[in-house]
Structures are given as structure tokens and as C-alpha cells.
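Next come two complexes, and both contain chain A; in the first it sits with chain B, in the second with chain C.
Here is the complex of A and B:
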């Protein structure tokens, strides 16, 4: 009977934080996805109208792809090996060699080329992270954090996904932890994770980033119907909601995840301020969700009394106010 | 056979009202039919899912906090009803 390697697969809300948490757990260190997301400074907001995705402006509710992995590679005791490739065969050969050495490997891939995704969910997104933890015959054993259980992927399909072309092309990117600390204490890293997110949300002089960026989007959004016409305004609005990436949570999911990190941190440090900030961020997340729900009603032409672009802009400004208050409090605490 | 309890029936009505689905034959919807996506007999998508999540929180006091929770809970009417039964007291 062929030996089948095992991996501590856990389904996650977000692929990068899920992969990092799963890779670290595989090394014997218990860590939640929320903790990986927080220490990795995953929360962010940016509105970049000069970068277009399918002709529509880029809105992001999380840090740039690769930020969480990069942040962990800087922590004492963690050694992360990273490689990108020009040659497909070399990339697959190196993957096999690292697997043979006993290391599960994180890969950046293009979702469109992964055959185990239902066809309706395959879209052109090239920064999807997953873990390959073994190979049987021509099939790789894959822990894809958005799936409830491990899956298999044929070698040619995985090679194609690793070399998908277009925006954020992965160029065969692979990474693995060559070393991790024998004992990892999260506590010293909580404060720096919080500080990093506070700086990103409050400290940028660039008006498209952080809480200023949320207000900038509010100003743009309320003028869309007049500037773009009804149809294109709906396209833009739907895009803002779809970019929130969260089925049923309207992007508030990232706010909820950072709130979970704050709550875990509060328990570890016995710090009431973090507990209160967690609750305040959940309230901000609920407001994001109200925004997304109203936007959906407008996009789907089932508006209720009071639904309008002006109201949406008002909700966005309230989100910005609440988040600014949370992050100012946290920033004073983190120092 | 469609053995829908009152909560499942109530949820189906709520979903149809929330998503403004007017021509649904409710007796043909089964407990374990996919709720969201191309195979859903209701034809609802991820944007609709978001509004359903908000409405469920308002009506039953049960939160769907993460994509993982939503993905699992909003699979079928049965999974949604189970989630509400299990979490209603905590809401």
C-alpha cells in the first residue's frame, strides 16, 4: 500500500493567512488563522482608480498579496525559502525535490487553471495561495485552504496554474519554512502587528489609502450616477462589493478576522482595551456589511425607501469614522 | 420527498422576499438543493448571499462572521436552518 503523507489541513477564510497558519501548524506550532492575519498585518484599505481590473478601479480591503508571508519570514527563528522561476520544468523539479526532503510547499497560483475548483468559481486571479504536501503518481496532494478537505491536482494542471499569465503572474513562486522556532510565543509580536496596521490605516499621506481612502471612495461613489450614468454606476458599485471577496460577509470578513485577532490578543495579554477595540471593529464590520447589502439592493434593482448613492457614501464615511477611532486608540496603545 | 420543517419553510420565504424572487415554486425546492451558485434552483449569487446573511442576523440574531462560516452555512436550506438552531440562543 502506498504511503500517503498527512498535513494538518484547516479550511480558512482567506488563502494567504490560511496557508501561513497551516504551514506553521505543520511545524508543531499551534496558531490560528486570525493570529497569522494579525501578526502578518493583513488588514488594509486602498482605492486606486488608476489601476483597472476588467476596466474598473481597484479597491482592496486587505494588504498586498504576499505581505503576511513576508512578515512571518522576518520574525526571529523563522527561515523562509522563496523562489520564482522562468522555466516551468525547473520549477516543477524543484517542487518535487523540496517535497522529497519532507517540506510542505506553499505555492502562488492562478485560480482559473486549478481543475478542482468548480467551473463557475474559476476566475482570473493569480495570487491564490495553496500548499502542496505530497505527490502520488502524477497527482500532487494539495491543501487548498478554501476547501474543506485536501484535494488532488494533476501535475500538468498545477504547472499551468503556477505559470498563469497576466496581472500578479506567479512566475512559479514557491516558499516553505526551512526552520521555525522550537517554541513560538505570539505575545511579543502582537503589538508590532497592531502598530503596522494602524500605520497603514492612519499614517499614509496618500489620500487613497486607509481611512482617508475610504472617505475618498465615498466622495467618488456619490458622484458616479451623474458622472458615469446609471448602468456604469451600477457596474462600478457591484465591483466595489465583489472586490470585498467575501461570500455573505461583504468584505467585513477581514474586519471580523482582525477583530478575532484582537480578541485573542486581549486574552493572551489580559488587556481590556484590546477587547473593547475588538468589539468596536466588529461594529465597524457590521456597518461595512450594511453598506454592501444596500449596494447589492441598488445593483439588483430592489431598492428600499432610503437606499441611494448618497446614503451609501454616508455609510462609507461612518465606516471611516469608526475605523479611525478604533485605530487611533490602538495606535496610542501600541506606541 | 420534500420534508421541510417550519424553520426551513420560513427561511425559504425570507430568502425569496429578500432577493425579490417572485416566480419560485416553493414546493419544488428541496432541503438539500444548493442555495447559492449556478446549480441553485433559486438562481441566487454571492451578492444575494450577502443580503441573506444580513437579513438572517437581523431576524434571528445569528451572525455569519467569516467566508468559511458563510460558505458552509449557506450551502443549503438545511445547513442554514441547522446553524440558526444551534446558535440562536447565543445570538
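Here is the complex of A and C:
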């Protein structure tokens, strides 16, 4: 009987925070996904019409791929080994070597090439993270955080996924924690995580980022039907919603997950302000949900009275207002 | 694409049953409970996102259908079908096969495509996981994500 490696797989809402939380938990440190998301400064907003995904403008509700991992690699006591490759065979050889040394490895992959994915989700999206924790025969044992249980993936398929091309190409990127602290106390890092998110959401001079970005998108969205025509406008709108809901964020573009982080932080630090901010962010998340629901009704051409692009833009602006007030409060607290 | 099997569920947004698009995959998400606390729970995905995902697929299917017609009348080579079915553009296909994108554009022209050498066809065959005979014979196999 072959030795079967195990891994503390826990299903997550978001791939990167899930991978980081699972990798850290494997090293004996208990941490929730929301905690990893918050400390890793995962929340963001950006509207980048000059970057195109399937010909549609990039809208992102979370920080750039790799941000959460990078933040954790900077924390004292954590040593992260990270590599990218040019050559496929070398990349797979290195993966096998690190696995043999007993480290589960995080990989960045393109979902299009992963055979275990439901085909409805197989788009050319290249910033998906997963953990490989063993190899049996020609199959890798994969802990993919968005799946309920570990899965298997054949070596050639995994190699293809690691070398997907196009926007955000992973170039075989792999990473693992070579060292983690014996005891990890989240508390000192909560404040800096919150501060980082506040700065990203409020402090950018670039008008496409943070709460300004949300307002910018509102302005653009209002003019879509006139500028693009009905059919293209619907495609654009559907795309905005699709990005907002990018697998399992419960319909509020990561706002609920960050709210869960604030709530957990509030309990750790016994800080009422964080609890209140969490509730306020949930309210903003609910507005995002209303936005998505109305947008979908317009996409399906099943509008109710009062559904219109102007109304959608209004919803976005109130999202921006609410988030701005939440992050201003948090920013004052985090200093 | 063929109909998805799965669990029909009532859609609160449009008051109609929507088939489950994720092949029954239960995903985790965050939301709030009655007391306003954030909780983690497992479900089949929120309806609006399933709707817009289906919209995206309808768009892809539409372009695949259009491509098949163009291949049938001979205005493009069958490479155009494979490219479209795998949601690629000439630029992306060029990246995957290590060629320049204008070269790929040329290969979409039937006259040029028919004269391609084995080595070039091999690149496409490997990428789309079909045989060279399929490519030269103009066989339109389903895209990778629809096979077994």
C-alpha cells in the first residue's frame, strides 16, 4: 500500500486567501480564510478599461493576484520560497523535488486547462491558486480551495495549466513556506492589514482605483447604452457582475469576506469600532448585491419598474459613498 | 454547449427555475445571518452570477456556431473553429504555439492552411489535443472542456 499524503484542506470562497490559509494551517498555525484575506490586504477596487478580458474591460474587486501571498512573506518569521520558470520540464521537476522534501506547494494556474473544473467555469483566467500536496503515479494530489474536497490532476494537464498564456500568465509560478514562526499571533498584524486596505481604497491619485474608481465606473456605465448600443452594453454589464461574483463571494465582491475579517478582529482586540465598521461594510455589500441583481435583470431583459442604467449608476455611487465612510473611519483608527 | 444537468432551483430575481450551471459543485461564500453576523456557508452559487455566466457562454456558443458556418462554406480554415471553440484570439493562439500573431492569422486562410507543414500542424494538434489527420481532414472535434 502506497503512502498517501494528507493535507488540511478547507474549502474557501476565494482561491488565494484559501491557499494561504490552508498552507499556513498545514504548518500548525490556526488561521481562517477571512483572517488571511484581511492581513493579506485582499480588498480592493479597480476599473481598468485598457486591460481587456475577452474583449471586455477589467473590473476587479480584490487586490492584484499574489498580493496576499506577498504580504504574508513579509511578516516576521515567515519565509516564502517563490519561483517562476521558463521551461516546463524544469518547473515540473522542481515541483516534484519540493514535494519529495515534504512541502505542500502553492501554484498559480490557468483554470481553462484544469480538467476537474466544471466546464461552465473554464474561461481563460490565469490567476487561480491551488495547492499540490503529493503525487501518486502520474497524478498530482490537488487541494483546490474552491472545491469541497481534494481532487486529482494528471501531470500533463497540470503542466499545461501552469504554463497558460495570455493576461496574467503564471509562468509556472510556485511557492511554499520554508519556515513559519512557532507561535503566530494575528493581533499585531490586523492594524497594518486594515491600514493597507484603507490606503488602497482611499489614497490613490489614480482615478480608476478605490472609491474614486467605483464612481468612475458609475459614470462610464451610465453612458454604455448610448455609446455601445444595447447588445454590447448588456455584455459589459454582465461582465461587471461576473467579476464581482468571481466564484463564491456571496454576491458582494469580497465585501462580506472583509467584513468577516473585521468582525473577527473586533473580537480579538475587543474593539467596538471594528464591529461597527464590519456592519457598515455588510450594508455596502448588500448594496453591491442589489446592484448585481438589478444588472442581471437588465441583462435578461426582465426589468422591473425602476430598473435602468441610471439607477445602476446611482447604486454604484451609494456603494462608493458607504465604502468611503467605512474606510475613512477605519483609516483614522489604524492611523 | 449542451444542456447542463443539475438541480433546478427557483430564482428569486426572475421568478423562474434556473438549471445549476456549476455541474452541482457546491461552493463556499460569505454572507450575513439574521443577527447580522458574517458567516461562511456552502451553496450552489448565487443566482445572478449563474445567470451572467450563462450569458457569457451563450455568447461563446454563438461565435462557435458562426465559426462552424464559415468553415462549412470555406471562408476560413478549420483552425478558426478550434481557436474560437477554445475561446482564443489569434494573439492568444500565437502565444500558445510560439508564433507571431500575423502568422496565425494567415493560417486561418484556407488556401494557406492547406499548405501547412507537418511541424506547424503538430503544434496545433498538441495544443487542441487532436490528431494531425483531424486537422488536415477538417474534422471539427468538440473543444477540450467538452470531452470526457
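FYI, the second predicted complex is superposed on the first by the 328 of 335 C-alpha atoms of A that agree within 3 Å, B and C clash if a C-alpha of one lies under 4 Å from a C-alpha of the other, contacts with A are read in each partner's own complex, and residues count from 1 in each chain.
We adopt the following convention: contacts are C-beta pairs under 8 Å (C-beta built on N, C-alpha and C of every residue); 3 or more make two chains touch, one makes a residue touch a chain.
What you see is a predicted model; the values in this text were computed from it and never measured.
S.K.: Based on the superposed arrangement around chain A, label chain B with chain C as either clash or fit.
M.R.: clash
S.K.: Of the partners chain B and chain C, which touch A:290 in the superposed model: first, second, both, neither?
M.R.: Only chain B; A:290 stays clear of chain C.
S.K.: Applying the document's definition of touching, compare chain B and chain C: which contacts more of chain A?
M.R.: Between chain B and chain C, the winner on chain A residue contacts is C.
S.K.: In the superposed arrangement, does A:300 touch chain B (first), chain C (second), both or neither?
M.R.: After superposition on chain A, A:300 lies in contact with both partners, chain B and chain C.
S.K.: In the superposed arrangement, which partner chain does A:24 touch: chain B (first), chain C (second), both, or neither?
M.R.: Touch status of A:24: no partner.
S.K.: One more residue to check, A:12. First (chain B), second (chain C), both or neither?
M.R.: A:12: touches chain B and chain C.
S.K.: Taking the superposition as given, does A:256 touch the first partner, chain B, the second, chain C, both, or neither?
M.R.: both
S.K.: Do chain B and chain C land on any of the same chain A residues, and which?
M.R.: 11-13, 118, 120-121, 146, 148, 238, 241-242, 245, 247-250, 256-257, 260, 292-293, 296-297, 299-300, 302
S.K.: Touching residues of chain B toward chain A in the complex: what are they?
M.R.: Result: residues 19-20, 36-38, 46-54, 64-74 of chain B touch chain A.
S.K.: Contact residues on chain C for chain A in the complex?
M.R.: Touching chain A: residues 1, 4, 13-14, 21-23, 25-32, 36-40, 42, 45-49, 51-57, 59, 86-88, 92, 95-96, 144-146 of chain C.
S.K.: Contact residues on chain A for chain B in the complex?
M.R.: 11-14, 118, 120-121, 146, 148, 238, 241-242, 245-250, 253, 256-257, 260, 289-290, 292-293, 296-297, 299-300, 302
S.K.: Mind pulling up the chain A residues that touch chain C in the complex?
M.R.: Listed in rising order, the residues are 11-13, 33-34, 54, 112-113, 117-124, 146-148, 165-166, 169, 234-235, 238-239, 241-242, 244-245, 247-252, 256-257, 259-260, 263, 278-279, 282, 292-293, 295-297, 299-300, 302.
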